[in-house]
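Each chain carries a letter (A, B, C, D, E and F) given by its place in the written order, and its residues are counted from 1.
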Amino acid sequence: DFLNALQDVRPAFGVPEDTLAAHIRNGIIDYSPDFVQVFNSGKLFIQQVQNSDRTPVISLLLAGKPGAGKTALAVKWAIDSGFPFIKMLSPDNFVGYTEIARVNKINKAFEDAYKSKASLIIVDEIERLLDYTHMGPRFSNTVLQALLVLFKKHPPKNQKLLIIGTTSNLDVLREMSFLSSCNSVLEIPSLTSGQDVCNVLNQLGQFSTEDLKLISRNFSGAIEIKPLLTLAETAIQASGGTLGDRFLEVYKQTKYS
Amino acid sequence: DFLNALQDVRPAFGVPEDTLAAHIRNGIIDYSPDFVQVFNSGKLFIQQVQNSDRTPVISLLLAGKPGAGKTALAVKWAIDSGFPFIKMLSPDNFVGYTEIARVNKINKAFEDAYKSKASLIIVDEIERLLDYTHMGPRFSNTVLQALLVLFKKHPPKNQKLLIIGTTSNLDVLREMSFLSSCNSVLEIPSLTSGQDVCNVLNQLGQFSTEDLKLISRNFSGAIEIKPLLTLAETAIQASGGTLGDRFLEVYKQTKYS
Amino acid sequence: DFLNALQDVRPAFGVPEDTLAAHIRNGIIDYSPDFVQVFNSGKLFIQQVQNSDRTPVISLLLAGKPGAGKTALAVKWAIDSGFPFIKMLSPDNFVGYTEIARVNKINKAFEDAYKSKASLIIVDEIERLLDYTHMGPRFSNTVLQALLVLFKKHPPKNQKLLIIGTTSNLDVLREMSFLSSCNSVLEIPSLTSGQDVCNVLNQLGQFSTEDLKLISRNFSGAIEIKPLLTLAETAIQASGGTLGDRFLEVYKQTKYS
Amino acid sequence: DFLNALQDVRPAFGVPEDTLAAHIRNGIIDYSPDFVQVFNSGKLFIQQVQNSDRTPVISLLLAGKPGAGKTALAVKWAIDSGFPFIKMLSPDNFVGYTEIARVNKINKAFEDAYKSKASLIIVDEIERLLDYTHMGPRFSNTVLQALLVLFKKHPPKNQKLLIIGTTSNLDVLREMSFLSSCNSVLEIPSLTSGQDVCNVLNQLGQFSTEDLKLISRNFSGAIEIKPLLTLAETAIQASGGTLGDRFLEVYKQTKYS
Amino acid sequence: DFLNALQDVRPAFGVPEDTLAAHIRNGIIDYSPDFVQVFNSGKLFIQQVQNSDRTPVISLLLAGKPGAGKTALAVKWAIDSGFPFIKMLSPDNFVGYTEIARVNKINKAFEDAYKSKASLIIVDEIERLLDYTHMGPRFSNTVLQALLVLFKKHPPKNQKLLIIGTTSNLDVLREMSFLSSCNSVLEIPSLTSGQDVCNVLNQLGQFSTEDLKLISRNFSGAIEIKPLLTLAETAIQASGGTLGDRFLEVYKQTKYS
Amino acid sequence: DFLNALQDVRPAFGVPEDTLAAHIRNGIIDYSPDFVQVFNSGKLFIQQVQNSDRTPVISLLLAGKPGAGKTALAVKWAIDSGFPFIKMLSPDNFVGYTEIARVNKINKAFEDAYKSKASLIIVDEIERLLDYTHMGPRFSNTVLQALLVLFKKHPPKNQKLLIIGTTSNLDVLREMSFLSSCNSVLEIPSLTSGQDVCNVLNQLGQFSTEDLKLISRNFSGAIEIKPLLTLAETAIQASGGTLGDRFLEVYKQTKYS
């Protein structure tokens, strides 16, 4: 199955191998059937780019709440694709960049991609690349316009290109007409049942069967994979009661957002 | 008929021949009577510019939903026109350009056109040249003003000029008073029946008569030519069931936009 | 009468003679009594500037729908005036100019005019000089302010100045308080009857008496002189039916704006 | 009386004498009792600045509709004041100036004024110095802030300063808190009766007693002094009917604004 | 008592002594009990800064209508404080400054203050330093942010700092959260009775007992100290009737704002 | 207990020790159980960063009304943490900085932190770093975007990072999606009972048992720790009545905000 992400990585040209792998720090856990379906859809689009001559460029938009695992999943697909050129555009590397500098760096990445037979570009946290904020709203129209063009621009003849954009603000991107530059939208589901949650906690190796039973019965609501992993850790560090109790207690306290 | 676009191209000065042709990658398929009418109207305006001395400049606005085939159709007309000077202004070549640089490049294209006896300029995806986004809305007024002037500016005496603008945002351009700089607006129709869709799929050579019958009976809704061709390809790559089944299945999943 | 515009042009200093004349490509056709009245009012203001010492500067605003013949009419008056200095400020010559460059060029034209005993300046398509767009709305306040001042600034002692501004957006200019810098507003009427239309078509020499009768009976609505002349040309180029039929058919199709 | 403005001008340092006088081209006509009262109020404030030691700076705001005679009246007061330093800041001299250049030029005028024992500064058409337009609204806040400070800044010890600002947009200036930087506001009245109008026309020497009687009986509405003088001239230039008839006819046609 | 402001000034380092004193041109008149209370509160805060070690910085906001005497009162406190370093930041000295230049000059004043054992800074007319205007509203956020920080920044160890800001727009500053950077707000009261007004007029030495009686009986409404002093002067300069009559007449005419 | 903050400080690399300590000028007083709980939660998160390998970065948002003790508490945690690298980003050090300069300085602090095995960064008064003002609202989106990225960016492998942001505008930061870059939000409670207040006053050593009883019975409302300490000082400086009376009197007067 696809849970052991890091065994089979192949040489990547655009970005150092271990840098990519660092984004899957905690593996890819198969927490629900809905998640598996999204995972497989992505795989099929990668296959289409590789095999079909009529669709040399495919662009996907991978959406999900904050912490839903977007970055990790996009990287997982990229590593598994075996494409000779893989490039990740991450907001981490754009702090304090002017609009123009952003566009130049983004454009350069695509130019580089066009030089390889088959390329894969991850454009992570599109809203951050756009400097988007709900207040106003404000965003860099210059960067937006560049992405609108690049997401549907054709690579040179006989070359293939897969683009994976990620976002926590699907509605905003829709309002920006971003979706008409994308071939498909994939949404990562939240964990919405005790079963989903326990599928994850079980992998950590520190929760007992009793803990998991307790949680499975008492969990309600919805949570994303990244905050869930952090919560589990806080519960482990805390003291008093069983680990199951502590987890539920800590979870209860996090209804602030 | 006009379906075999690429046989009869003549030397073009403003833009390399094959670059133009690349925009008609999948030919021009005669999918419906409405489409044929739009196709012919364009041809007649080209003829008017060539023959009449009282209308030395004609500007057309070619509108249609995303993927309606605007770029391909404009290019088809251009290649068929046989005008000695053909120039295409495409957003692909403006990524990261400042407003001023955009206007200069656009202006330069028109200046060049004024040097030829008969010229044809395609201004593709006007909303992208304007950096238009619905949020705000925002756009480059500088570029808009330049286009408003250039779309109705007369070429020097005894010279002819045909301008074809394309857009997916006709309503926006109307609100910008763009239409008073244009002589005519032509709208590409969507494919709205199983018959329209099968006219296209049939050309691909991979759908059997059964597949087409199934689709013809079961297709409902509306779709544009470009996403239709991509969908067909996804269906071909997928597995399980007949190709007709797979096509209808994949089509069903794309109601996100 | 005033229909044969181009016979009697006199030497103009500010702008080459034939450049001016090119704006009256299709003559000035006397299409209706209302039009004649506007034409004469303009003539009288020119006379007032020439004769009166108490009003050394007069500024007129010539308004009309797109294609109403504003540019041609202003040029006709200018050529007929016989003023030693005539200058035309047209958006064609401002494409891509910055606000400051615009103001400088405009200001320079007025400075030049102040050097002549009697000057006439046409400020064509004021909304375009202002980079006005309804969306926002946006416009160059810098250019607006310059025009507000220049339209009522007095020339040096013993000198005369007539200013003719044209616009398709009278309401907008009113809201900008532009009218308090103008001495008078003249509005070009649309063609609103079969009679008006046939007055024009008759001049073209290609419509038969039958054609004109047919059109005269069946025309309804309103149209401006410039699109009318283009429509006539399209009808002439088309084929099938009488010219009168084709004209009415083509007219019917142009209800898009 | 005060009707013969130009006889008794005294040497002015800040601005050439005849430049100032040119603004009273058509004299100051005593058209109504209300006007006389405003005229006298201004005179008294000038006297207060000259005589009182406790109020070394007085700033007046002279308001009136477009063409009400603001510029002429302010200049009349200035010339009559006999102040050794008189400076006029007029929009005519600021066309195309940047905000900063405006403020510098304005500031410089005040600096110069502070060097004289008694100074008078006219700040004409404040809304134009501010680049104010109702659309938006937009204006130069930089210039506004400078004027807000300068209108109440004290001159150096033992020096006197009178500031006269003029405006057609009193409501706008009130909303900008401009009035709290002014000591008093004076409003020029419109001409609102046949008597007011005939007081003016009579001075022109071309209207007969019959003409004036006719006009006196038939005039209704309100008009400002400057458009009234222009209208009279147009009537004189026109032909047909008595001068009185023509005047009333021409007046009727000017209800556009 | 505190009415004779100018006798006992002590050497000030930051600003020339007489420059400060010029702001109290007409002394500080004890016009009402409410005024005296505000006056004393300010004195007590000055004392607290001098004596307490736990509150090394105190910032006061002195509010009042235009002409309420804010500048004079702040200066009076400053002169009386005997602090070795006194600095006044007044809009008079910022005309035409850019935002950055403003912040630099303000910052510099505070830096200088931090070098003295005990410092007092007057920040006069904060709304003017901010280039605030109600239209928009617009203001310099850069200057605002600097003041928000500087008004609560601690001086170096063992040093004392008193900051007095003045404003006519208390509500605006409240909306800007300015009050959370201030320790206390003091509001100067208007003169609201004939008694208050006569307390002031009596000091001028030109109003007779009859005049004052008349005014005391007939005054109604509210006025600030600075316009009151100007009104009194206008009444003195005018002619006709008793001084008391003239004062009431002139007061009546000033209801324009 | 944790009340004696300054005894046990350890060497800090990023910021001089005594500079940090200066922010706890008046110690950390244990004024209520709610406060203690917040204090302890913070301690636990620090512990989690130190011990857990799965959560190498934790970002906390410390919220509270103006004067709630945010700066002092964050500094207290930092000093107690014993982290080898401690850096404080305070608005005091950003006065007049451009947006870019701000981002560069902030980014530099994080870069420095990434060089240490375990780092703690205090980002004090985030709304001030953002130049946030409610009017508009306005703020530096450039700085906001940088913080959104830096608050969740991972340190290099095997390194730890704790980030403590403080704010008085929690609602604003929520609207800016700031909370999705934070792992937890902690809110400092106000003092809401006479008991809370007396816990503080008692520490000052100047209020008698009678004073405290009086205050304990009569205090109502809510106050923050910093204004409470200032109020106490004002009461001490004032005269008349017992200290308890004076405190209640002064407290009554401060209901302006």
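Keep in mind that, in the parts below, contacts are C-beta pairs under 8 Å (C-beta built on N, C-alpha and C of every residue); 3 or more make two chains touch, one makes a residue touch a chain.
What you are looking at is a predicted structure, and each value in this text was computed from that prediction instead of being measured.
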item: Shared interface partners, meaning chains that touch chain B and chain E; value: none
item: Distance-maximising chain from chain B - centres being C-alpha averages; value: E
item: Whole-Å gap between the CA centroids of chain A and chain B; value: 34
item: Geometric centre distance via CA averages, chain C-chain A, whole Å; value: 59
item: Length of the line joining the C-alpha centres of chain C and chain F, rounded to whole Å; value: 68
item: Interface hub residues of chain E, defined as touching at least two other chains; value: none
item: Chain-level touch network, classified as line, ring, star, complete or other; value: ring
item: Neighbour-by-neighbour ring order, given that chain A leads and chain F comes next; value: A, F, E, D, C, B
item: Of chain A, residues touching chain F in the complex; value: 22, 25-26, 66-67, 91-92, 94-96, 128, 131, 133-136, 138, 168, 227, 229-230, 233-234, 236-238, 254, 256-257
item: Residue ranges of chain C touching chain D (in the complex, touch as defined); value: 44-45, 47-48, 51-52, 54-55, 100, 103-104, 107, 137, 139, 141-142, 144-146, 148-150, 153-154, 157, 174-177, 179-180, 183-185
